[in-house]
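Read the structure below first, then the notes.
Read from first to last, the chains carry the letters A, B, C and D; within each, the first residue is number 1.
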Amino acid sequence: MYYVVTFALIITMALALTRAILGPSVYDRVLAVNMLGTKTVLLLSVIAFLMGRPDFLDLALAYALINFIGVFAVLEFFRNRAAKQPEEKP
Amino acid sequence: MELFLDIASWILMSLGGVFVFIGGLGALRMPDLYTRMHAAGITDSIAPILIIPGLMLQAGLTLASVKLLAILVFLLLTGPTASNALASAALLAGNRSEQVKSTAVPESEE
Amino acid sequence: MTVIFGFFLLTLLLITAVAIVQSQNLFVSVMLSGMFSLLLAVNFFLLDAADVALTEAAVGAGISTVLLLSALAITAKHEKAPSSSRVGALIIVIIATLVLIYATLGNPQFADPNAPVHQHVAPWYLDKTAEAIDIPNVVTAVLGSFRGYDTLGEVFVVFTAGIGVLFLLGTQPGPFAQSNPFKLTDPKGLRHYLIPRVVGRMLIPFILLFGLYVQFHGEYGPGGGFQAGALIAAAIILFALLEGENSALKVIPRSVLIGLIAGGALLYGVVGLFGIFLGSNFLDYSVLSSNPVKGQQMGLLIIEAGVGITVTGVLLSIFHAFAARGKF
Amino acid sequence: MELLGLYYYWVFAILLMIGLYAVIVKLNLIKKLIGLSLFQAAVFLLYITMGKLEGGTAPIVTDANANGLFSNPLPQVLILTAIVVGISTMALGLGIVIRIKEEYGTIEEDEIQEIDK
């Protein structure tokens, strides 16, 4: 049963990777990275059960806690850029 | 009882797998940034809600269940936060959904 | 079945690597290397290396992205289109790949129990850990006790890298810097980023707690000083991203950071010297207590703490050096 | 199936050479560092692959699996430290790149050589 979930997760990771490679804007790529991060947390949890060692959930916990730091760093990176550009009225 | 728990956990996990896949498909196939964010963001929340309780039913009352609960809580905190931050950053940068083709910041200018 | 998952994930890894090299936009390369790190960690986990996967998670999930982005903010976002011919390099690389693949035909099969690597010292480590140190995690036992010299060397490499970055960049802003690198001075930014700030501040204590858990639970599960150091540094970096770099420097000033860098490495070395003073060999912890097994466990606990302190100090100093240098 | 058993080594070879290609061809110094980290990752993968044992689990001995098979702990120890050393040395490289940018105004290798002439 774990296999079905694992397959779904891995295929979704492939889809997210495709989105990250296709782009087109930088935000799409950040979105894909974030999505891949969530999928990785779930995949690590499922694999821990699949391998019969549920004591290895620490790994998924680590990702769940710190994976979004990367997203914040990206936003900080772009916010400073956006703040400097003149306001555009649509 | 054992069988019932197994069946319940299988149903939860399969549903989670389906939602995960739908989210991935949406993130790939949707036409612009905000709709993709919608697909990815919502399934990023619903998939842990389904899959992790499914695993908890398998683990029973052990330390693993507590860790799974922690993972669920942290995922539910960080996932929507990241989506929110991402959406507002894209909005701030002038990324408008209805005219995404014309105003999306091309990467050459980033 | 897990082997098939492994193949699939390895293929994804290769695709990501090609995309990283192919992209002309450096920002895209950095994002994709974040994904590469995630996929690499899952692969490590599938190959039974839980400790290694945890290290990759702690380092790759936040810190390497932050460091690469802050370097990008100072230097350039784009790479120039390559002008020189790439055909020669491509031919060399393809030939080398074919030679390497030909060489692997003589390698032992994947996961073969009769491979030479499984015959030599590994069974000895697995047998002796229970007897000599009596902790469940063999990786930590090998890391801290059986191969303590190696780890001491690695800690000094990390120490030297940290000192090197401090020498190169110092603490002063560089010529490309602008004032207040991380301060949330823009009111618009503040309004839009309220939710991340609140949630992020809520999570920081949990990350620190988890870091300490990984540090002191390293003898029983995946974990240890290297992972814990990276996790704690990630928590402080998150704080710096949310509240501005200066607030983070108020929490841990630069002088303390330098003390941490030197102190951790020193702690490790001093524990080793204690072995000599108490009449045994360098880095032999058995003599630290009347019971040799207890002595080993004590020694491991102290040196893991030393490793954690040094890694935290080095990663944070590097982050502050980069952040002070540029506008980010 | 015999050939499939070597797939892990092939991934190592290809990944190693992708990293090497980036280091040789790319003129941008940050891109070279990213290529170097790919090269590093390939070596990590080779070590961990070699430590895997058929039917084994991670070398953490609990009561439940005290008599089971365990994968080789030694490569894991070497790579665990190497990952942290890798990030520190990459940071050192990035520090050097930042200093180069400040002195030369560029991080493209050919432009730096042009200035040095």
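Heads up, the rule we're going with is that a contact is a pair of C-beta atoms (placed from the backbone, for glycine too) under 8 Å apart; a residue touches a chain by one contact, two chains touch by 3 or more.
This one's a predicted model, so the numbers in the text were calculated from it and none came from an experiment.
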Chains touching both chain C and chain D: A
Which of A-D and B-C has more C-beta contact pairs: B-C
Length of the line joining the C-alpha centres of chain B and chain D, rounded to whole Å: 30
Whole-Å separation of chain centres (CA-atom averages), chain A against chain D: 21
Approximate Å spacing (C-alpha centroids) for the pair chain A, chain B: 9
Multi-partner residues of chain C (at least 2 other chains): 27-28, 50, 72, 188-189, 193, 196, 200, 203, 206, 221-222
Residue numbers of chain D (touch at least two other chains): 57-58, 60, 62
Numbers and ranges of chain B residues touching at least 2 other chains: 74, 78, 81-82, 85, 89, 92, 107, 110
All chain pairs that touch each other: A-B, A-C, A-D, B-C, C-D
Sites on chain C touched by chain B in the complex: 25, 27-28, 77, 188-189, 192-193, 195-196, 199-200, 202-203, 206
Chain C-touching residues of chain B, taken from the complex the two chains share: 74, 77-78, 81-82, 84-85, 88-89, 91-92, 107, 110
Sites on chain A touched by chain D in the complex: 51-53, 55-56
Complex interface listing, chain C residues touching chain A: 1-2, 5, 8-9, 12, 15-16, 19, 27-28, 31-32, 34-35, 38-39, 41-42, 45-46, 50, 53-54, 57-58, 61-62, 65-66, 69, 72-73, 182, 186, 188-189, 193, 196, 200, 203, 206-207, 210, 214, 217, 221-223, 227, 231, 234-235, 237-238, 241-242, 327-328
Touch list for chain D against partner chain A, complex: 57-58, 60, 62
